[in-house]
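Chain nomenclature is as follows: A, B and C, assigned in order of appearance, with residue numbering initiated at 1 for each chain independently.
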Amino acid sequence: MDRLLNLKKVGYRYDSGWALRDVSMDIDAGELVGILGPNGSGKTTLLKVADRILEPQEGDVLLRGQSIQAYSRPALAREIAMVPQENHFQFAFSCLEVVLMGRFPHMGLFEFEGERDMAVALEAMKAAHCADLAQRPINALSGGEKQRVLLARALAQEPGLVLLDEPTSFLDLRFKKEIFELLSSLKKERGVSLMIVSHDIDLSARYCDRIVLLDRGRVYAEGTPREVLTAGNVEAVYGCPVTVDNNPATGTPRVSIL
Amino acid sequence: MRIKTGFPQVEDIGLGFFWGNEPGEEHMILRDHGRKKEQVFLALACIVLLLAAAPCWGKVFRDALNRTVVLDSPPQRIVSLAPNITEILYYLGLGERVAGVTQYSYYPPEAMKKPKVGSYIRVNAEKIIELKPDLVLGTMDGNSSHTIDLLGQAGIPVYVVNPRSVRGTIATIACISDLAGVKERGDEAAVLLTERLEKIVRKTTGLDRPTVFLQINIKPIMTVNSHTIHNDVIRLAGGKNMTGNLPITYPRISREEVLAGKPDVIIISSMERGGRFERARQEWLRWPSIPAVKHRRVYLVDSDLIDRPSPRIIRGLEIMASFIHPEVNWSGGREVEKDGAAK
Amino acid sequence: MGLQSSEEAEMGTLGKPVTAAKVVKVSVVLITILVITVIVATMIGTATVTWEQLWNVLSGHARETDPAKLVIFRIRLPRIILAGLVGFSLSLGGVVFQALLRNPLADPFILGVSSGSAFGAVIGIMFGFSFTFGIPALAFGGALLTMYLVLVVGRKKIGMESSTIILAGVIINAFFTAVIMFFIATAVNDQLHTMLFWLYGDLSQSRFGELAIAGPAVLVGFVILYCFGKHLNLITAGEEAALHLGVDVGKAKLVCFLVVSLVVGLVVAFSGLIGFVGLVIPHLCRMLFGSDHRLLMPASALGGAIFLIAADTLARTVISPSELPVGVITAFLGAPFFIYLLRKKGSRWTGS
């Protein structure tokens, strides 16, 4: 199996202290990986390091076996895409224009969007279930709709890996599940890897192939949801007593607070 | 036989406060002083002179910017780029030849009817070109050099003057009269104005110089330093400008500073009598610690008479001298008007 | 289908992404309007210039000293061309600053380029430097100095955090404004007048020499900035988002800030401070043409040129033969329009 992304003993420090310490993890092609942990455990920092927004003071990040430093920004954007938690557009763009922004790393300096770009964008919007929003202005959308458009934008980059920062935080229950369903099917149909930072333990347990549990910047546990989400682990990291059993419908681990 | 050229002598002009002349006095028109024989002689002399002079009038002049200005014949359409120049032109009897003036040329009143060419700071070159003048008179400070170049390129002669003092003003009057081909008038005027000036200087030589505070603005209180023509007037009138040494040309000054300066005379320059400036004078009267107030020597003067290099500045000088040295017997000219003299 | 939200109305002809053909089409139309504006402006003024005279002059039949020729070539055309260049630059500057700072209220002067430039010019006026070279050079130097100060003071980690830069700009603006006030308080009368005219915009001292410098510089600046059209689009979506999308944000911001400040600093050096153009025209163009900078930049720049030529023509004819400072006209036209915009968009001001 291809090693898509490797983090080797990565450490990152803000002025106020270490946000990540000695973090090693891998992502393979076609994997859906969930990053869990309480606030301040370094989840968002991990995403930023993965996409070279932040450069770690310790350790290495390898993309397809090469140091991530060796990639130019556009080259990096062709491999890795990010769906942020929220996005604020100061100026009015249509959804289609927003998705077309994802084509930037594939375009030349003075190039305007061509047929292929349009095709990829529309296809991405279909895959993200937002094709009907194409002509709507981005700022007129609900949270869920916007999320799907941003996902389409990420897909338009034709990346091997998509990073998502708490994609379900602001969504209603119904949409939370929808998003995870969508991500899962993307993984299966397109072979795209996904790294999701989430607070949603249950849905992560249900859809993720693997879970990385962070505690104060370090990897506390790593493996399948069943392996990682034990009462002991969850209590130790989240600091509150829980009980773990199986979701009767799906058979995946279910965490309940005591 | 003295050839009187007929244009107004200062003694003929009344001492009205506002315009420096008595109502009804038509000082702009050439006046014939009467004796018929002399008239005829004058006419003949003029014809001879004209015939003699006509072919060789063409002259080359150098202006204040050291530019060469060539005039083939006496200019008949003159544009003035500053109010004081307008005054000088009318003073020399050249009113009819004035083709354009700047916006605030209020004196003499006839000038207000002339076409306007913009303001002294922002001259409208297009308008001037349209007027087709054969001479443009400008000043060194204020008029833009770019515009002057532009007019030069249009083939319009531009002559720049730079009178910075009272004597400089008199010289400028003579110079302009030369440019306009009326040199004799200018020279006569210069003689008469200088006479009046020298009289004042003579009468005040050797006298102590009272400290004079000249207020040119009410709110805020502003005055002048030594780089101004106002200062020159004060000096020639036998006074000492209290704020001469300040570095800023038109500095703001506080009342305390004036108190500290202990001026012997306070003169407030205004464009009108009464009203705000009268109240300003009343304000000073509340500070008897100032010598000027104690001795009731707070006066008002028409600002036009002391702030611009025009013929009226001599009038202004006379008035200031009467304020600054009231002890001098100024008659032999006239009795000093008690205008503005707060007794 | 039927009801268009005001957001959609604001998108204008959007929905369809910008193509090269569209950019060319819009540019051609605007250039045509620009040419017409120039011709009309050449014919309006204190001196009368008839069609015949204009034709005579343009076809080379007029005598050397023909007054119409002089008026047109030495007085009006240089002034009109300068107005066009300045309007072009200020509008372009407005678009770029609004994108870089992700702030619709940004204008080319927000970072203190104006007051730095004014500071340089005021020093030049105080010490009697020439209007052709001395003062513009000093004004330009002032703009560079301010830009340098702002970048040094406002610099942060990720290559310029926008809010810090704005703050730095405001502070430096305030400082230079105070210095300028000091000079004004101590100025001699005529220096003062000149300064005030410069502080409100003065296009009347235009010479071909200046245009020969400013023209090419502005055009080169435009080309460089146009290269970053796509980058600017993405930067408006957020700096981090732009990074994720493959934009080298640090480099883009640096180049754009530098070029736009140089261009604006240069024209301000020749024309004084003229406000509202860089604020109002970009907004208007966004409403008409959308937010894609590949179309917005040429549209705003050309729109700015047309606007300022019109405003300047008004400025020199409305109280003829006297003149109003052009900054007064742009303020009178710009402010009400801006208020209208604010009321129309209301809370949608920030596009949320």
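What we mean here is this: contacts are C-beta pairs under 8 Å (C-beta built on N, C-alpha and C of every residue); 3 or more make two chains touch, one makes a residue touch a chain.
These numbers come from a predicted model, not from an experiment.
Chemist: Looking at contacts between chains, which pair has the highest count of C-beta pairs?
Modeler: The chain pair sharing the largest number of C-beta contacts is A-C.
Chemist: If you average the Cα atoms per chain, which one ends up farthest from chain B?
Modeler: A
Chemist: How many angstrom between the C-alpha centroids of chain C and chain B?
Modeler: It comes to 45 Å between the two C-alpha centres.
Chemist: Could you give the separation in Å between the centres of chain A and chain B, each centre being the mean of its C-alpha atoms?
Modeler: Here the centre of chain B sits 84 Å away from the centre of chain A.
Chemist: Which chain B residues reach two or more other chains?
Modeler: Where chain B is concerned, no single residue meets two or more other chains.
Chemist: Give me the residue numbers in chain A that touch at least two other chains, ranges are fine.
Modeler: Within chain A, no residue touches at least two other chains.
Chemist: State the interface residues of chain A toward chain C in the complex, per the touch definition above.
Modeler: Contact set of chain A toward chain C: 51, 53, 72-78, 80-82, 84, 87-94, 96-98, 100-102, 104-105, 107, 109-110, 112-113, 118, 134-137, 139-140, 153, 157.
Chemist: Can you list the residues on chain B that touch chain C in the complex?
Modeler: Going by the criterion above, the answer is residues 103, 116-119, 121-122, 124-127, 129-130, 132, 141-142, 144-146, 150, 153-155, 227, 247-252.
Chemist: Residue numbers of chain C touching chain B in their complex, please.
Modeler: Contacts found on chain C: 45-48, 65, 67, 70-71, 74-76, 131, 185-186, 188-190, 193-194, 197, 204-205, 207, 320-323.
Chemist: Could you list, by residue number, the parts of chain C that touch chain A in their complex?
Modeler: On the chain C side, the touching residues are 5, 7-8, 10-11, 14-15, 17-20, 102-104, 227, 230, 233-234, 236-238, 240-241, 243-248, 286, 290-292, 294, 348, 350-352.
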